[in-house]
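Shared between the two complexes below is subunit A, which has subunit B as its partner in the first and subunit C in the second.
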Partner chain A sequence: MRDRRKPAVIKFIIRRVLLSIPVIFMVATTTFFIMRLAPGGPFMSEKAIPPEIMANIQSKYGLDQPLLVQYGRYLRNLLHFDLGPSYKYPERTVNDIIIAGFPVSLELGLAALLFALVIGIPAGVIAAVNHRGLADHLTMAVIFFGISVPTFVVGPLLIFLFSLVLYWFPPGLWGSPEQLVLPAITLGLPYSVYVARLMRTEMVEVLEQDYIRTARAEGVGEFRILWKHALNGSLLPVVSFLGPAVADLVTGSIVVEKIFAIPGLGRYFVDSAFSRDYTVVLGTVLFYAILLILANLVVDVAYRVLDPRIEYS
Partner chain B sequence: MSTIAQTVLDTAPLGTSPWSAVRRRFFGDPLMVVCAAVVVVVMAASLLAPWIAPYPFDAIDLKLGASAPSFAHWMGTDTLGRDLFSRCLYGGQISIAVGVVGTLVSLIVGVLYGAIAGYRGGRTDELMMRFVDLMYSLPYLFLVIILLVFFSSSIVMLFVALGLVQWLTMARIVRGQVLSLKNAEFVQAARLAGTRAAGILFHHLLPNMTGPIVVYATLTVPSVILQEAFLSFLGLGVQPPRSSWGTLISDGAGVMGLFPWLVSFPALILAAVLFSLNFLGDGLRDALDPRTHR
Partner chain C sequence: MESVNKFILLLLAPSSVVLAACGPRSEYFGNVEPPAGNVFRFTVGAEPEYLDPGRSTALYDARVSVLLFEGLTAKDPRTLRPRPGVAERWDISEDGRTYTFHIRKNALWSDGHPVTAHDFVYSWTRVLDPKTGARYAGYLYAIANAEAFNQGKLKDAAQLGFRAIDDSTLEVRLNAPVPYFLYLTAFETYCPVPRRVLERYGDHWTDPSHIVTDGPFLLREHRPHDRLVLERNPSYWNAQELRIDRIIAYVVDDQYTATNMYEAGMVDWLPYGGGGIPPDFLPYMRGRFRDLKTFPLIATIYYDVNVARPPLNNPVVRRALSLAIDRREITDGLLRAGDLPASNFVPVGFPGYPAPPPPEYDPKRAAALLAEAGFPNGRGFPELEIVTPPDRRKVAEAMQQLWARNLNLHFSIHSEEFASFLKRAYSHDFDLASSRWIGDYLDPTTFTDLLESTNANNFSGWKNPDYDRLVAQARLELDPVRRLNQLHEAETLMLAQAPVIPFYTMAANELVKPYVRGIYPATWDVLPLNFVSIDHQWRAHAGQKEAGRD
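Now for the complex of A and B:
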């Protein structure tokens, strides 16, 4: 049985990877033309640059050629994973910037996700076990509060409380484990809330299933029922939530990186969008698109492994 | 025919239509009533801002500067001496407008898209929904940011961009509903009677799925408001001197240590409205879900 399923997984993965190539091409094309059809450019500044120098700069980066020629050249370079030079940081390429910024964002995102799961799963289970009891209402109140307060309020609030009043954690910057705590909580809080909510709904349903009743009737201990039987059955929605969550974490980290002055990729993206650094914007968007497609793929595969009832299609 | 209808009427228990369940749940839960009241009061106050705001939203008083809440300015004033209460009222106009219009855009695009995909079925459906799947896996908000940065962040652009982020889920929901309803007997009857596809969609199918659509729309409004606030924080939302709750909060967050009221009041209003809308949407979903019997 297991052996028959294995090729299906591989076929599924190959199909999805092939399907995502046109998507990445589409993202590259849309982003390229949106940026280039808009007025302004990376070398616009308050100080007027003499036209000769401007022409010189433009021709150095090939920005004086027809748009379609530039587009063709960009796609050709893309095939070699060359995302081009940055216009604002002439000494760095986009590849350099991604290599420098992404590990920071990744660490932040993983820490936030970990926080979300560690808080969210137990909270959801506690709420479900006490369904419609006091603990349930309390958790749900906290949950609703959690989705109603935006990240950029939580962040400054945490800084104010734990950095400026209590002096427990540094208020920003990056490098030491203590500097990871506040940003990770800020970023992870909304997701802990979603996870708890999903967990509760699913757990309530699972606890009403026949196999749980059977286990109870056989005298299996309540803790063991939760841990061994119910938890497995209720984790599925949480797993499927992780795919979209990665996308949200990525966008959320833009704000968190800004609040805590963290040198992650999200900040590079926003800064470069404002300064019209075409190549950096395009490079980061493409990079994130690929990342999200991969994340969704991993989640879909995990989902099918956890629940063999789902067909590969 | 009439006897069958009569039998159905006789055997149907009274007061179990979905909307009566909504009504019962709504008035049975005091928190729901409070939440609805919060939404109504804040919306009304924002709409009536030109009449009830004590000061214009852009009246600068540099001599006053940032002052703590007082009788003259009971939410205090910002660093330019502008009355925070008035700014919250006018900011509410923008935040609510963004939420409602963004939701409407997503509603129109999503319902049309989902209905067409579900009703046509087959290859069309496959293609259209594959496209939705693909869009789901994109860093959508990145594209919105690019749109807003590169083409001036006008309010209209904000409406459109935010609406376009939200339509995907709506399309999926509507498509699922259409798929499950389109072979029902009353639809077949309409088709046999010669009703055209558009007529079937709008007169027969859509009225039967208002429940899920309304629930999702209720939950979309707060998420659009939140996204506007998110964009405002990055400096891409409403431009000064106009303000939304998002811009007020992000301005206030910068001076939180010195003038805490500047972030507290708008954040409190935003949180109260988002909480209420989320809670109402959730309650509505529970009430309309046939699986929950209360």
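Now for the complex of A and C:
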């Protein structure tokens, strides 16, 4: 068994990586051309620039050349992992922007995930243990609230309470641990709710399994049953949820980054589209595409490692 | 994002009311605890596009470059009028066309090199070099041969109208007498840049580890989309004037976040454009908080009327549209942000320029004019479209109602995100376009130039030889009074034809903590922060005298 599995994993990974190349190519191509369909351009401003100066700028960045030539040059640079200069912030390259912005989004995403787990797992356990009891109903009520209230409502509510009334946490910006708290909670809340629900469902099922009943019959303490036996058995769905959740949290923080003025990558994703900063739009879209492909790959591999019944096909 | 902001507003607007109601009622908005240490914190607005002064264009670029760089002249921190900068004095020739600047010996770059006349020759040539692609190169067109060189018609940089006579003497020849030239030399496009650093690091020369500057403050740290940290420049020739050791400029482009930060006491100054105060907060804040400062900008909000499209090609129709607007209803009833209703195009605030008449509003005459143009009670008038960026949609809706009520005309509104809006304005693809113009220097030509036939910002497409002649005449006029009169005559002629319909002069709303000293209203440009200081004992001093920006 073991000898056969390792090459299968590697073959699977290689196959998936090769398959993702045309996907990335398609993403690059579609984004490149769709972006050019939007009216206006990166150098348009409220104050008109004489046409001669505009021509100087366009030629400086090669935007005066035919679209297909620009496209070819873009693909060629892409092969060298060169995403070009930002048109809106020409003192920085797109690579600089991603290198500066992504760690921030990543940190925020991981903090949110941590929050989701720390809140979600115990909440799920409590609800499951009190199945159909008061604590269960209360937890479920909070869960439904958490699911239905969007981040752009939760964020300002937290800011109001903790920044403007209590002065406990700053209402925005980045750099200190205090500045991480509110955005991480805002971003993590819907995920904590999801984790709690997964946990509860699985735990309820596990608690009715024969081996738990056996343990109870043998007089094992309730806490020990939960901690030693039930928790282990119920964590699998949560673990498998982690992969997509990480990708989701890291890419999905656009609104939260805006509300808290966080210098992550998410805001470039939105702002660059408005300012027609073609290279940044392309760069961030490609980066996120690759990130999603990678996350899915990791999850698929993890599934197969955890559950040998799944075939590598 | 628009709908997101709406939601946030719905939540926050009542919450600040609750806050004000349940806490001890404060005269000031939020936390008034001064920062620890001699540091000044403000919001700069969006991330600066360029720190390079020769290439910068945006308001938030200027807020930073005014701290880092200094030109031949500098802006007076109180009045914004030019005062000696790197040049300690200058001579102006009889005909007003030749300026000779004498550069002070103790003007230094932050790496210790002296600032010389050659630095200016290099920097201005670079701005005008077509390969640089500087967007504001047009600001140097006042200089002889600058325009031809920038447009590639002249290749020889030696023919440009400036030269270094020696290290400390710069001679500048202009095409015409430009009475506001000393304002221009304080403008960031005219600031010197360090050649050796640019040649070494190219586009990345403004990185904090490379940048070399000649202004009052030094760039210590730049975290894009987060903050810029600046420190007092000890080698600045006028360093003894500076009162603050450290400045932190936070990059916050969201109005709600910026205002929250101010309220929480994280920033001391929320300047105009520095993220801004949500317009919907203003009616609540005005008159309630003493740290809210409102003052007029030299900026006009107006509609460009597409004069090529019937029936708007008829000046009588355009006049009728203008007369039918109750501008007070918009500024005082709808927006309540301190804007001044105005039917003139050149705003108040230009020294020596005739004061504008009160805003016109005469619905009866408007209806009569419309009938005269062949549309009695709006009959037969086609349904036209107002194109507007989203943030001015509310004004468009008010306009729609006013024209329906007073003239029985029906307009539809098309709100487009800013880039698409600009595209339509530039290609004259609109009936009425909601425009805004913010003046660049303290001279009415920053407005009157706009309606010249050849001006690229003349979206209305209006061309009038008499107007062009008057503006061109004023350009050569040496007598300041006659010159302003010619410009005023041109504006009057233009308003009678109504290719643009002005609504109001924009007001700036800023928040300044009561412990901040040395911030003054900046009606037309960004403020240098040379005079800024923090009064840590402000509560004790408040009893003694009123200080601040009065």
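The rule we apply is simple: the second predicted complex is superposed on the first by the 292 of 313 C-alpha atoms of A that agree within 3 Å, B and C clash if a C-alpha of one lies under 4 Å from a C-alpha of the other, contacts with A are read in each partner's own complex, and residues count from 1 in each chain.
Criterion: a contact is a pair of C-beta atoms (placed from the backbone, for glycine too) under 8 Å apart; a residue touches a chain by one contact, two chains touch by 3 or more.
All figures in this text were calculated on a predicted structure; none of them were measured in a lab.
Touch criterion met: A:F274 reaches subunit B and subunit C at once. Of the two partner chains placed around the shared chain by superposition, subunit C is the only one that A:Y89 touches, whereas subunit B remains out of contact.
When both complexes are overlaid on chain A, the residue A:W174 reaches subunit C alone and has no touch with subunit B. Of the two partner chains, subunit B is the only one touched by A:I34; subunit C is not. In the superposition on chain A, contact is made by A:V285 with subunit B only, not with subunit C. In the superposed model, A:F260 lies in contact with subunit C only, and not with subunit B. In the superposed model, A:A100 makes contact with subunit C only, not with subunit B. Of the two partner chains placed by the overlay, subunit B and subunit C both lie in contact with A:F160.
The wider contact with subunit A, measured as residues touched, comes from C rather than the other of subunit B and subunit C.
In the superposition on chain A, contact of A:N56 is made with subunit C only, not with subunit B. 38, 40, 152-153, 155-157, 160, 164, 255, 258, 270, 274, 276 are the residues of subunit A that lie in the contact sets of both subunit B and subunit C, per the superposition on chain A.
The residues of subunit A lying in touch with subunit B in their complex are 19-20, 23, 26-27, 30-31, 34-35, 38, 40, 144-145, 147-153, 155-157, 160, 164, 243-244, 247, 250-251, 254-255, 258, 269-270, 273-274, 276, 281, 284-285, 288-289, 292-293, 296.
Residues 38-41, 43-53, 56-57, 59-61, 85, 88-92, 97, 100-101, 152-153, 155-157, 159-160, 163-165, 167, 170-175, 255, 258-261, 263, 267-268, 270, 274-276 of subunit A are the ones that touch subunit C when the two sit in their complex. Within the complex formed with subunit A, the subunit C residues making contact are 1, 4, 7-8, 11-12, 15-16, 19, 30-31, 47, 49-52, 55, 57, 130-135, 137-138, 150-152, 203-204, 206-207, 223-227, 250-254, 256-258, 260-261, 263-266, 417-420, 422-424, 426, 436, 455-457. For subunit B in complex with subunit A, the residues that touch the partner chain are 130, 134, 136-143, 145-147, 149-151, 222, 226, 229-230, 233-235, 246, 249-250, 253-254, 256-257, 263, 267, 270-272, 274-275, 278-279.
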